[in-house]
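Okay, got some structures for you below.
Here chain A shows up in two complexes: once beside chain B, once beside chain C.
This part shows the complex of A and B:
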């Protein structure tokens, strides 16, 4: 283990890196926590929808010269449609099945999507290089990439919008009611199947948009989603199941542990540190930092 | 009637002439000889596995144009070794269902151990062409052979380059050099890095300022490491990268404006992969990667037999891909060509006789593809000093050969690396 005395000059950059990396994790985790919280489904194919978002950005940029930020608006209806389609074809049949069946189904979907990408687009790394891909902003002794700032801003925007949607819209209330008690919601006349379809589609939109935004920052390849999605599970459990703000704050905590832990103790220790934190939170507060006590018993 | 007879004679002559043309070396190929080829064709390292498979296929075609193996047409049964478990089960499938007695592969150090153990259980020959984990040939397995150098060889070469080529150009003695070691944490990365650390310290007294390992698949931000490097101010960063970690580290080093004098890598992944250039273009100018020869390589310095096969292989790659052979192509092809030489000598795949032919093979440097030679030790490892390697540098968005200087027309640039915007 390499322990280094933290240099004062490094502190602002560590803070900035934490916030920007946390933004990327939040972007991925928001969709996952929505599906997790409302449907009680652990979506193991979440990373693959992220990968599809990255490929969409790559092909749109390569074939149509479409900038990822312009594509963002097109990708929302596209992923909403993809979400409804996968729900109807795959998830609808297992939504009332046991968790084991749901897990096997989403793992199967994950492997199928990875291999479809491999067959269609090969395992080669692809890169999206818009004019701003290497633009560096320097401010007060810190430096950051323009694309990372954009990803962070969009992730905060999505989190706030989803939070508002869930809190104040009629559909949001219906979704929360379904999450709290599926049978009672049905008895109240709520079409729970429609709610699940909508939830799945919104979750897929979130992660698809995340993929589009990450494409200028990271290489695009069939298993690109795997490098982020494990962390997203940690974030979701840490922040509280189904809690948007919890996902955002959980992302920042995980990013802080990763960045500061890597700097102080060494990179090899970062996963040890945040998984220790993860276990500690589960032991002390099983519902997550911001989840309501008792929600962990609702089904996950 | 006379016309009919004449036509028959001519037809027979033409048929024989055709046969002679199809086997350009004048040998007719009788039947097929099948070997198992095992590469990761799905999963996170499939991109490199597929390049190796391309290399094998192009060399197989070349071998078949040159008399095949043991007078037979060489054919492949291909297995997908996406992870160590799949590698072991694919070995079993290839041996039991496809009937192969020789297997080759597998590119990755995380796969070759499991695959070769499985082959040993069936008493099959395992001919490794790429993985460099030093432990691979230290298990006392008599069925295992490796044509590529091991990780200690990579570490040896890198430190040789740093001490004897870079240090004088920095106006420093090797023992004045501050060096930081950074590596992904697979057996490949650790094997190369530990060998380099040992030689740097014991033989040259270099000052090690940092040694960090990271998980390449889950490290999304290198800023903490880069901030540490800024503080420690190394002259040389010795990094063994695996994939996109090279791209992210280099891009973030530029963002943080960290100025080390050189970055040295080894192997066909990370900085040694064409993907690095695709991602960064000329922003990626500067890093060195120890590899097989690239553009600038002087084929005329090889021995005549080496020149012939190297030129033929480059030609077939150029025709099929439109570019210079990539590292994966060269490793696979170099290894497969040596397998042909051994099989032609042994005339059998019986393990004892095959092994005797391997041990008898004695080719000086410059005799084969990539300028390699061959002299295998009792543990099945080709001698590191016979497997000539070359230092390539990213210049103008492509990797070019820069060292040893007698093998190349190019020269290393940006020593030391200047400001980031002046490396064009």
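This part shows the complex of A and C:
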């Protein structure tokens, strides 16, 4: 039996923690759902790009004394390039192949990247500890880490910018059109392979930036991406595959389950809880909480 | 204007087109006739580059295009309206039209194309902001044709423009196709109803089991015993 220790005074803290955590999960999940929504590919290597983001932050901080938040601006073009490179070398060849082939390919990419990291940087846990690491902000009975807020703000800003880009920019429309009907899109003169490359690269930028943001908060090691990306899969299925608004709401729900669950039952239970939630959703609403049945085949 | 010769096209091991050939001259309206599964759509998809032939060649305005990807062929002046409209369902009418003018040659003239197209299809003005999937079948077909025109094609190919439409709407679309043709656009379309097709077309090709078995002017085809055999189930002679 677990003892319920919840008290009213804890509510504001739980709320703030949920929102802060949810914001960061959103950025990881949005990249995953974007790639799925447009390319119909589940990227099993998503967590490894998160890990690469964390290592990038670690090495930039250790070798160049570069603050992770300064590094953000450099990391965007860097991950965009890494995305285009992996698309050209790995994904382009399987983009028209069956889902099985695509799954094996991204799983293979994931294992390859993990092991490259292991060989290059060993399996040691590494830590990024900038000056603000231990700065705690207290506000109206709640306390939170400064890096958490910074990560949250950047993450939400990034997610909102991506929404706006997809909804209102011409390129965003081209991407959505490609998701909704690839043949029709190519008959408009749209080079759909290039759209897929762009989509992949943007998804990788999202998760890479999330990695940079998470580096001051979590230990860095070759399989560091795994725990987060498992979460991201739960988030994405919760929100409906390919649904970006759903991914945002799903992130908040998963964060709430994690924060409240850890508080009430203890940290060890958090994964049990959100996977129970996950299974329940799959049984009751397989299209996701906010998804309309079948819309996942039409993209965002 | 368009010359396709000896096209053999297969999906995996299943061959659909056998040595199919067609020619279309500048300014013609040509229909592709044939029963279900004869390979009409496959032929059209091969012409527009969605499918690649195993053997054979396609020349369009003097240029060989059968090895070009579909998105490059559009820029050569060929526009293809797919069967069942295939609009982008969760984009607005306006967004669908704007994407129709994606290739650089069409994008330069996008605003004037929109004006021109709203003159042909006046109802589009009130429907600009509506999501494409909420339109009626006839309206969707018109938007699909309008989107095809946004590419400023010399040749417009329409796969089954009258499919599932009420007779009144069919007549509207016939009028629209005539008008587009009068503006100097060459037209190829697919239609199963022989009477309707040959009333609109100057010339037709008949496909059966993946072969182009017959070709002739509309009056010739209407008289043809072969056409009667295929479409009316009657026996020749």
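Quick note on the criterion: the second predicted complex is superposed on the first by the 274 of 300 C-alpha atoms of A that agree within 3 Å, B and C clash if a C-alpha of one lies under 4 Å from a C-alpha of the other, contacts with A are read in each partner's own complex, and residues count from 1 in each chain.
Note that in this section a contact is a pair of C-beta atoms (placed from the backbone, for glycine too) under 8 Å apart; a residue touches a chain by one contact, two chains touch by 3 or more.
No experiment lies behind these values; they were computed from the predicted model shown.
So, does A:190 touch the first partner chain B, the second partner chain C, both, or neither?
Second partner only, chain C.
Now for A:122: first (chain B), second (chain C), both, or neither, which partner does it touch?
first
Just checking: does A:227 make contact with chain B only, chain C only, both, or neither of them? Give me first, second, both or neither.
First partner only.
Between chain B and chain C, whom does A:62 touch in the aligned arrangement: first, second, both, or neither?
Neither chain B nor chain C is touched by A:62.
According to the stated criteria, A:169 is in contact with first (chain B), second (chain C), both, or neither; which is it?
Neither: A:169 stays clear of chain B and chain C.
With the two structures laid over each other on chain A, which partner does A:181 touch: chain B (first), chain C (second), both, or neither?
A:181 sits against chain C, while chain B stays out of touch.
Residue overlap on chain A between the chain B contact set and the chain C contact set?
none
Going by the contact rule set out above, which residues of chain A touch chain C in the complex?
170, 173-174, 176-177, 180-181, 183-192, 298-299
Tell me, which parts of chain B touch chain A in their complex?
Per the touch definition, chain B meets chain A at residues 42-47, 49-50, 185, 210-215, 217-221, 223-225, 227-228, 230-231, 243-244, 247-248, 251, 254-257, 273, 275, 278-279, 281, 283.
Where on chain A is chain B touching in the complex?
2, 4, 7, 10, 13-14, 17, 21, 24, 114-115, 118, 122-127, 129, 134, 136, 143-145, 218-219, 221-223, 226-228, 230-231, 258-260, 262-263, 266-268, 270-271
Inside the complex, what are the residues of chain C that reach chain A?
For chain C paired with chain A, touching residues are 48-50, 69-72, 74-75, 79-80, 82, 86-91, 95, 98-100, 102-103, 106, 147, 151.
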